[in-house]
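The structure appears right after this line, and notes come after that.
Lettered A, B, C and D in written order, each chain numbered from 1.
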Amino acid sequence: MTTRPAGDDAAGDLRGADDKLHEECGVFGIFNAQDAGALTALGLHALQHRGQEATGIVTYDGTHFHTHKGLGLVGDVFGDARVMATLPGRTAVGHNRYATTGDTVIRNVQPLYADFEFGGFAVAHNGNLTNAGTLRRALVRRGCLFQSSTDSEVFVHLIAISLYANVTDRLIDAIKQVQGAYSLVALSDEALIGVRDPLGVRPLVLGRIEAASPGAAPCWVLASESCALDIVNAEFVRDVEPGEIVVIDAEGVHSIKPFGQRRGRFCIFEYVYFARPDSVMDGHSVYETRKRIGAELARESPVDADLVVPVPDSGVPSAMGFAAESGIPFELGIIRNHYVGRTFIEPTDQIRHLGVKLKHSANRAMLEGKRVILVDDSIVRGTTSRKIVEMVRAAGAAEVHMRISSPPTTWSCFYGIDTPERSKLLAANHDVAEMARLIGADSLAFISIDGLYRALGHDGRDADAPVYCDACFTGDYPVDLCDFTLTSTPRVGELAVTR
Amino acid sequence: MTTRPAGDDAAGDLRGADDKLHEECGVFGIFNAQDAGALTALGLHALQHRGQEATGIVTYDGTHFHTHKGLGLVGDVFGDARVMATLPGRTAVGHNRYATTGDTVIRNVQPLYADFEFGGFAVAHNGNLTNAGTLRRALVRRGCLFQSSTDSEVFVHLIAISLYANVTDRLIDAIKQVQGAYSLVALSDEALIGVRDPLGVRPLVLGRIEAASPGAAPCWVLASESCALDIVNAEFVRDVEPGEIVVIDAEGVHSIKPFGQRRGRFCIFEYVYFARPDSVMDGHSVYETRKRIGAELARESPVDADLVVPVPDSGVPSAMGFAAESGIPFELGIIRNHYVGRTFIEPTDQIRHLGVKLKHSANRAMLEGKRVILVDDSIVRGTTSRKIVEMVRAAGAAEVHMRISSPPTTWSCFYGIDTPERSKLLAANHDVAEMARLIGADSLAFISIDGLYRALGHDGRDADAPVYCDACFTGDYPVDLCDFTLTSTPRVGELAVTR
Amino acid sequence: MTTRPAGDDAAGDLRGADDKLHEECGVFGIFNAQDAGALTALGLHALQHRGQEATGIVTYDGTHFHTHKGLGLVGDVFGDARVMATLPGRTAVGHNRYATTGDTVIRNVQPLYADFEFGGFAVAHNGNLTNAGTLRRALVRRGCLFQSSTDSEVFVHLIAISLYANVTDRLIDAIKQVQGAYSLVALSDEALIGVRDPLGVRPLVLGRIEAASPGAAPCWVLASESCALDIVNAEFVRDVEPGEIVVIDAEGVHSIKPFGQRRGRFCIFEYVYFARPDSVMDGHSVYETRKRIGAELARESPVDADLVVPVPDSGVPSAMGFAAESGIPFELGIIRNHYVGRTFIEPTDQIRHLGVKLKHSANRAMLEGKRVILVDDSIVRGTTSRKIVEMVRAAGAAEVHMRISSPPTTWSCFYGIDTPERSKLLAANHDVAEMARLIGADSLAFISIDGLYRALGHDGRDADAPVYCDACFTGDYPVDLCDFTLTSTPRVGELAVTR
Amino acid sequence: MTTRPAGDDAAGDLRGADDKLHEECGVFGIFNAQDAGALTALGLHALQHRGQEATGIVTYDGTHFHTHKGLGLVGDVFGDARVMATLPGRTAVGHNRYATTGDTVIRNVQPLYADFEFGGFAVAHNGNLTNAGTLRRALVRRGCLFQSSTDSEVFVHLIAISLYANVTDRLIDAIKQVQGAYSLVALSDEALIGVRDPLGVRPLVLGRIEAASPGAAPCWVLASESCALDIVNAEFVRDVEPGEIVVIDAEGVHSIKPFGQRRGRFCIFEYVYFARPDSVMDGHSVYETRKRIGAELARESPVDADLVVPVPDSGVPSAMGFAAESGIPFELGIIRNHYVGRTFIEPTDQIRHLGVKLKHSANRAMLEGKRVILVDDSIVRGTTSRKIVEMVRAAGAAEVHMRISSPPTTWSCFYGIDTPERSKLLAANHDVAEMARLIGADSLAFISIDGLYRALGHDGRDADAPVYCDACFTGDYPVDLCDFTLTSTPRVGELAVTR
């Protein structure tokens, strides 16, 4: 009997258990706002899908920095008025974090804060540095003491030891030494700073709230996704560009491009699964894109059936697109239970196989005797897919055809997404026919990589050079893997240290 | 700054705040199952939508009764293996409870347990007794000491003082004295017992799990809804009938009908909102029924528009029905954030108006410039509707037409649903035109009561005599209100006591 | 590895572990005082030695009763201003409880409260009823439902079902049906009531605080010991007499003696160990009495030695008396560590034997090479004595002579003291010479029962009839044991129930 | 109403409230022991009087370092077997800490741990560095990032940046740069290291446990006091000498004296109050020394009276010495209540004056009508003394003469003891006659500084040069105050930082 959700992977934890890839983090920053702390909590709430395990906010009140961090949802960590009262100030940065484990938990929750010679500094990071281990070893050799096991802390030390006088120059000095994917939001006693790595792998947007009184300075917002601008009634200004540093201070927004003008490789999986459907990324509505992917999938891999059923919630828009394109009715044949607590029961073998039903249940009245097309966004290990198919069959479905709105996931991500190592990826080890058999489906199809590019308005991946990071589908890694190899366990966001 | 979600009703708490009617409880019982406690936890998990604030399980191991209760979700209260290890036995009853307040919290969590002369007895109750106050006063006068302020405890004392020898006879003696709505699941050292009130206002179903070894006795299950049978792989047998007592013991299932054969008045609102879409009630699939209600609504109150948008999650099936019938595209124009913790922040007036967005956000890319039909299940106070309309307009909608899949809620419920008193019900105090203006919609329409009956396969409410309890729409209360009047505050499930 | 303190009795818990007899409870009540709740917390703090595991207070504000209970020390349960703010009113009763276990914990914490027909009623009880099991069975047969497994709850039900109209008459009706030892403090909406059983086995004193303004009514206090009067600056008025009921209301103090004038049998062990040294009981200073017992012991069992060393803290006054009488120097040869938390570590066998040192350590510089007389108050199982002797020898003592300031404890107590069953009492199973050998002492002597009476100013136990309850030394039980036999496990304060 | 104990110093917290000076810390380390973690917990338990607010242990298992820290007593933080199971290994260091406040709490709990280039390193520190602020500023300027606000962390950074290769050389490099009082116990992956500052102001002893099997290597122990050796059955070997570094590794104990042979200035107040009476320091039994101080005090300041009464617990041995020398009977006229929780109630002014009685109560039967000599160890602010005198008078004492077993405390300590700033010290601002009047005593006398030296076997302070640090009595500060001035607030162990 364990407190882990069901899964046939004995070592599976909450991450593995639902057999999804997971974004590691969401970041948010705000400059010149009354209640900056509370607005940051709202922004982090809107970014909750990017990390539910831990959250933190650092505010600056013009004299002191204030920090509060905790494990759990934003609403639980920051829902108490007494907590919010400890976070005064008009600027703030915040961070949501996906699972972190063991006794490192509290020390690893971001934003990281440091007392520099020139004052306090807080930083929140979404992404993963591929040379963090090497940098850390060099810094420790120099006498730097690390408080956490996060890759993000190397930024802080690189800034601390930089010989430049100015905090922005120190930051540039730091990012020139790191490799990897990083969207940063940082806070000094003078400015709010946003940074996106040279290829812009992870997202970062800039927003603005007009001042209530005419002539007063506006409030500026930085966030991982545009949905976090909406919740604080901020207007979307633009995406921060690949390799760009935006420095927001009393005089406004300054743009610095230490790497020159770059063509980015934005993470294509954000469209498929990570981002919230009401976000707009790089000019594309995530919701519309998913519907287009579904339609493309219907064109590429049609099948004769009675119903199109999404695996909720993420499969809904692509199922709608599939249904509309194919003319087969869209039905909610699987119901999602949203009240799953953080832990659940699995006392005996008899009960273990009931596990997957904690989140999903079959709408038997709808499925009985029907030929069903299930639409899901991805297959990682395949454990969940197998159980979903089994559940739909047990509810009486005559046929079960699985359609996946991403290409086969055949490579690990080392840029900030929690993926299993390659040997655990179903698609890296089996062809599609075998996969269909393993998950028990009557047929299985994935969208092609070109189809995915088409849904995003291109003629195909190689029509012109790739414009997205699609390494998890293609193995074409645009950023040097440095400390990692293709078969590394993609330990993301945390380094192995001696304790 | 408070820890309550936003709402313009200063006294609003979590219940009022989301401006929905709420089921008070879910019940579950199981007889002759290995891991009865764990299966009960799973069943309660499937019934989590019927009460999220508190939960409890009592098991019987053949010698002792074991109890564990707690505040919070089933997965949190029963997710620890060490907790489950304290609940051995092959029979169990469990209960989910909607909000209870103040220092009465722990004492009021069900199942209630008592040491009777003939042994231990545990009972879980969904519903509300209308003469509980009168009965309690009489029992106290006799020397009975109450532990809780629940109406349900009068059952326990009536059974304790009954002059009948047998527990079933004592139970019949008790239910003959009470008025109201009650679906009970009770556990003695001999039997699992299910009871439904004479009109069958609240639901209760019977299920069965065949024994693994041939010839062995099957396991029996009682539950508020069929979705709780599915999660434990139990086969649906039948609804418990209005006024029926089912006694399940080593010899099987015995049916007793102390009130004779009765025609019931099942709560029609279970179809509209309370029940889970994958449940089947009285032979009707809840999901299909909701789609039919949406279609009926489209026929009754059509409107020219570009999109049909559900208020998620409950409005989705009726919006699908509306869209299919009207031919207008169904789109997810509102995104639901499921990560709302139990409390949230509202530090200042500036931020208060952002409140409703904690649960819902507008999919701006989809709504901009469109004529939108919003489909929701009900309007109670109207506070949420007003904010949803406002949010959709702020996202750029050209027109907003609201369609409601229930008739106007004009009367309080005294049968186990948490409703505001009449003076707070928007529809009890305004006509539809005024309501449209108050919530800011370009048009507003409710399904008619006859339309609702039609969606359930009848020719209309009065075609033959009403077969549902629809008092909240009609004021036709089928069970005597006893201690209440039509303008009472429907304090449900708890009595006012001296502490 | 366990969280229990060391002990060679595997089943030993915190009680057995320190191998002392333990008082079960302390009670306190106050009438007509501003801040009655806070003064009650102070009074309970002064009575903390009578029970450290749980505590509760019920106040009455003229309209409502208010309750707060918790596990732990008075200062921890009532140390929060927000808690005290929930306990308004000018009358209050409170209770300290010695260990209670398992899931009965919260329900068993006193004062017990009930809603009677005539209003609220709270009662706190020190002692033990010997016919509680019989009474409980009869009450349950009648339909009474018990909330707790305490013997004290029978009082509440007997009062609830009494046919008398008046609460005092109902209380008299109740106490005429019970057997055992009971000092009660009760609170109705009209009066504070104190009751002492017919033999006055357990203590109860009456105190008074003069009103600040002349002519105003005084405040009255009831407490287990006079030290609780001192802490609230109340003047000692008198002991409540055996079999007396004192009813304190707006008109003053009324005395009722339903059993007529009785000669009591006050617990002699209160002088030896239970009571706080600064209390005065029945006219005797506890501190002075203990010094006289030590002197008497020195006369009865002298020994040639270099030092008299008390086992702290309880052995200090008798060791002082022994030293003064014998002329041998008194020295603190054993140091007590007062910072022992509620649990402690014992990971391995290697460490287990270090256990007893958590509370006591030898003052090696003082003991080395010396002939030592250890003075302690009692030997129960003998486990602690053996370890103390061993520790003193390990510190270099040349000889160790043990002197005990009570007669051998040879019988269990059924009147409210936590004692092991007879078979576990060292003195019930071994003669003094064997006991000396078992604990490893060079000599061992107990004070005689006549010596103990002499220290209290009598000529000896049988010079005139016994005036104390000394059953634990003599087996002469003055109150009928009813449900118990001489070899019963003296389950005190809690009954065995079906859960 | 506050949760602070009574005190007329509005800013007084738990420290000020009991009006004692307080040791800041206790340290313990062990090398080559099975269950090193558990033995360290026991050692810390014996040192609990040196710090009750927080505690931590770091163990090393040959490969990894393991840490557990918490707020509260050792028994509460380490009493759970599951916690101890996370602390494997044969070497360990531990620390008890006196109060630390605010959000710095967890980060400031020691031992501090760091990942150095050469491996993990943990350090526990008792004392205070007087140039920590200056050093910290220089280190931050260099790019070092501090995790805590403790002065102790400068050790860690100085070691990290040292250019020496070897950890011992780095440590020597570090201590040559610091000023102040420091007894350190540190753990690397090769050795357990103890360090005492050049004047040996704070204590540190070395002990040994012989191996169970002949020929095996012994286990070595370092601890603040010898009482912590006793609890683990370790034999006292010797005091670590002023300015000595002891390095304990697989080859045994190595002594290094980087400052050469030094004559120390050990803290004389350890004898008066801080140390546990069963400890032996610098060859003196603390208990015997206190008795000799009491005798010396009786010779210097005799008074005709009926009783000598200690203020418990610390005043007991000196009162015994005073009584023996004067021939006046020693009596426990004040009872100490050891059950004071961490917080307590003080709801109103009426109750506030009862505050001091939470810890002490008068034994009225003993004091009434008597001329009483109270013996206490020190007067800091005078608040407690005044209340004790008042309480003894209220209990009926005819005369109250106060005798103090230390000279007047006229200067703040900057070497690791929590003292108020000078302006708050009663003796720094009033002569003895005024002080007697302010505390309400009939007479008051302190032992002279020469008398104190005599009690320690010297002819007087200046007979030969002072051999103790007695700065709090004389203002003769043997270590440079550096960042502090004589009127500084002696913020001990924590630095003021920007958050």
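Here is the rule we use: a contact is a pair of C-beta atoms (placed from the backbone, for glycine too) under 8 Å apart; a residue touches a chain by one contact, two chains touch by 3 or more.
No experiment lies behind these values; they were computed from the predicted model shown.
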{"item": "Shared interface partners, meaning chains that touch chain B and chain C", "value": "none"}
{"item": "Chain at maximum distance from chain B, centres defined as averaged CA atoms", "value": "D"}
{"item": "Where chain A and chain C are represented by their mean Cα positions, the distance between them in whole Å", "value": "62"}
{"item": "Intercentroid distance (Cα basis), chain D paired with chain C, Å", "value": "36"}
{"item": "CA centroid of chain A to CA centroid of chain D, Å", "value": "51"}
{"item": "Residues within chain D bordering two or more other chains", "value": "none"}
{"item": "Interfacial residue positions of chain C with respect to chain B in the complex", "value": "64-67, 86, 103, 106, 113-117, 119-120, 140-147, 156-157, 160-162, 497-499"}
{"item": "Footprint of chain A on chain B - complex, ascending", "value": "1-3, 34-35, 37-39, 41-42, 45-46, 48-49, 52, 72-81, 84-85, 227, 230-233, 276-278, 280, 285, 287-288, 313, 316-317, 320, 330, 332, 335, 337-345, 347-348, 350-351, 354, 357-358, 361-366"}
